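The structure under discussion appears below in the form of structure tokens.
When the chains are written out, they are named A, B, C and D in that same order, and each has its own residue count from 1.
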Amino acid sequence: MSTQVKTQKLTQYGDIVQLIGPRERDVLIQLEPGKSLHTHAGVLQHDDLVDCVWGNQIKSHLGKTFYILKPALDDLLRNVDRKTQIMYPKDIAYILVTMGISHGARVIEAGTGSGAFTIALAYAVGPEGQIYSYERRPEMQAVARKNLEKIGLDDRVVFRSIDIEDGFEDQDAEALFLDLPNPEDYIPQVRAALEPGGFFGAILPTTNQVERLLLALKANNFAFIEVSEILHRYYKPVASRLRPSDRMNGHTGYLIFARPLTT
Amino acid sequence: MSTQVKTQKLTQYGDIVQLIGPRERDVLIQLEPGKSLHTHAGVLQHDDLVDCVWGNQIKSHLGKTFYILKPALDDLLRNVDRKTQIMYPKDIAYILVTMGISHGARVIEAGTGSGAFTIALAYAVGPEGQIYSYERRPEMQAVARKNLEKIGLDDRVVFRSIDIEDGFEDQDAEALFLDLPNPEDYIPQVRAALEPGGFFGAILPTTNQVERLLLALKANNFAFIEVSEILHRYYKPVASRLRPSDRMNGHTGYLIFARPLTT
Amino acid sequence: MSTQVKTQKLTQYGDIVQLIGPRERDVLIQLEPGKSLHTHAGVLQHDDLVDCVWGNQIKSHLGKTFYILKPALDDLLRNVDRKTQIMYPKDIAYILVTMGISHGARVIEAGTGSGAFTIALAYAVGPEGQIYSYERRPEMQAVARKNLEKIGLDDRVVFRSIDIEDGFEDQDAEALFLDLPNPEDYIPQVRAALEPGGFFGAILPTTNQVERLLLALKANNFAFIEVSEILHRYYKPVASRLRPSDRMNGHTGYLIFARPLTT
Amino acid sequence: MSTQVKTQKLTQYGDIVQLIGPRERDVLIQLEPGKSLHTHAGVLQHDDLVDCVWGNQIKSHLGKTFYILKPALDDLLRNVDRKTQIMYPKDIAYILVTMGISHGARVIEAGTGSGAFTIALAYAVGPEGQIYSYERRPEMQAVARKNLEKIGLDDRVVFRSIDIEDGFEDQDAEALFLDLPNPEDYIPQVRAALEPGGFFGAILPTTNQVERLLLALKANNFAFIEVSEILHRYYKPVASRLRPSDRMNGHTGYLIFARPLTT
């Protein structure tokens, strides 16, 4: 009882496509009729990139080979136009799993920043989920919105350019994440916006900030408080000389999770 | 333009519920009519646990307080009946994000083991995704199937009790993960089952195994090979005495990712 | 021009000897005439352990084999009778090298605690060095003194049972190390006891303590301030299944170094 | 009973002096009569640098302030003229402590390389110790010899430009360290040169090398085999924003220790 070979999915206009050319250099584009892409290894016509089997090769006008691949979240994030420090896949991945953020979830985040984590959230909740992203700097949120539009994920996000000092406009979120320097100032507002037992999370670079947030979480009766950090160590992938890379990222941020309980 | 407060979601029969009693001890149950749960802190009737607001409290017959929470993936995994070493959330999270495994994905894994990673996959792909899980030991797969049935995720998984030595029965997977001691023996089979440019991943405890897999991946023309490991360090969440925990998990496994390209 | 084979050094009364018996279990003793050692693997006479070649074997009265080895610092530390948390070789080693503590050095430490670090200091400075060890609890210092006497290093140490609140009695130390919960309270006293440009060091378990010490060091015009931590990861030493150990020590303490400059 | 203030030690000709000028830039020099030092912050006369209190300040001809400090081992190593990858203080420190290398020890090393570890050994064994350093490339050993001469430690080292394939010329070493790509090829030679129960150590960058060395050590009946690695993580030393540095050294080498027992 083997499964039918399903009809091979082909690329189409509107798809986000990762093109990988010589020396594993990559670029992400959204396929549009009539457009062309100029690279160091030659020109590619978007029209030649539709109706292709994912993973196949195509040649540029200079005869250079490009692979047409589906981008993973990681690839989407590396291509974000960034005005602010953005989160790393190692942290994003652990946050999503720990906070139960998957298809259909209703999630609040603040602040939006460059929108990299907004992309991760929109990607994770799927077409039936909903993200509410708060940012008090409108010009920053405009950058983020553009980053989401480029990859067609903006329709899963409601952007709100308001200061959360006055509270969130949305309620009953299943998860709420703060990527702000002073999350300790907004814990009552968080409590009002999260459903009981919902997941709260934050990322903070310094120990002083973690200490202040812990005080605020205790004061507001949050439970299951967890503080941790994720270290990601790459190896040189050579079979006969396997070893860790010389340099690694020494720190991104401390991750803090907690859940508000009814009292 | 604030959002409507949506109708509060209530617990219902069939839901997987996490009950957290005194001293933060927790248990996972699926709500069924007429059933009762016996704990060290007293008895709870399933019938009293439906139509409850998530996050609310309920009392046992001894008057002890229990919270009714939605389990996160992490909670589901900690409750797996395990016959084999299971993967950790830190690794699972990074694997899912790196391999692009989200709603609607079509994923192959081998071997099934106790089904912990199968749960993670089924959870991540949502109701429209599909997991094909291979395991040559039928009795082991029976354990896994029960673990998935307990939390109602078994309908997203096709279990196959065959030896992948002879090839996978399924094709055009977007992602394929091997949790086996000798993945290097099945790379041609992996290539035949993955769609071009799809995501291959494996986890291996020893450096010797990594070296062998790297050789096989090179020999079979895989590209974008990445080897890394994730270290997760917990802190004692006390504001006035913040510090890492005394003991940490020193190793789970090396993560290897690669993508087959057409030649 | 090869070197003469020097006369083989032999064990003698007064030596600290490490005996390693069946299953690599070890014990440290100081050889004394007429004494005997009772172990689970039989009795050994001290008199049979003198005039032996280091590294040789000897049999207990039950015929079990014991090796006679020279203990390394690590072995000496593992045998300390400890009333307090003691420092680890990974940290001790880095402290000694960073603070320039070697033969002939004149070093102050506070507090003495169980004397484990005192042993490391006395070992490092050799017979011509001098350690001044401060501890306000006389009963604790008595434990430490006994630990140093057991291995014959007590003559390199001056023990002082006074509170350093009132200042150190000794001056012009080349290095001064504080292993106390509140080093920030004694920085002027440290400055008065260290020679200009000397090496100051401390170990602290929590981030809050590090923050307070940094403030005090800045306020007292210390330069070359360094904060770091040392992580030590063991591997299972099996050639065909090389991998890190499952469990590792997640934290001992943060190391802080600085040097007082004249102003 | 306070200690006499000992006569303040003053700088003299022949001393290795660390001068720290504006913006914490440092230089190491050996004081010689009549010499002058040219820096970006002006000229200093060696003759003005003798009979100074360690830690004091002196002005260049441009009026810039320099501190006169005693260098620690770390400083000596950073100033090594290096033709090869050199070892880090984190590793050197742990090696010295684990292998019992302190005042008076008799130690063999191969290969010499740029002499950085030779400096560490010479520094640790003091004036009564003895280092035998082997290197088959004479031109490399010449570089090392110069590095030791510069800081006046060359008289503690016997340099031997021979291939250890044919065995070491020296015997009864208390400790023997190999910093070579293929230590597994010389284990019988190591055994012949170490005293029974002596300390063997090696550092190796790749897992493949570690696996091969473990095989050779087992085959030659070494005991107490330990494999580990030391990770050193720096923090930004700012009291109000304490956090790990962004970048860290991801790998230097695996440390392997073992002791030969008589059979």
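The definition used in the following text is that a contact is a pair of C-beta atoms (placed from the backbone, for glycine too) under 8 Å apart; a residue touches a chain by one contact, two chains touch by 3 or more.
On a predicted model such as this, the values are computed, not experimentally measured, just so you know.
Shared contacts of chain A and chain B, meaning chains that touch the two of them, come down to C, D. Of the two chain pairs examined here, A-C and A-D, the one linked by more C-beta pairs in contact is A-D.
With centres taken as mean Cα positions, chain C sits 48 Å from chain A. Look at where the CA atoms of chain A average out and do the same for chain D: the two points lie 46 Å apart. Multi-chain contact residues of chain C (touching two or more other chains): 207-208, 210-211, 233-234, 240, 242. By the touch criterion stated above, chain C contacts chain B in their complex at residues 205-208, 233-234, 240-251. Listed in rising order, the residues of chain B touching chain A in the complex are 1-3, 5-6, 8-9, 24, 53-57, 67-74, 89-90, 92-94, 96-100, 102-104, 120, 123-124, 126-127, 132, 158, 169-172, 174, 195-199, 207, 210-212, 214-215, 218, 223-240, 242, 254, 256, 259-262.
Chain C contributes residues 207-208, 210-211 to its touches with chain A in the complex.
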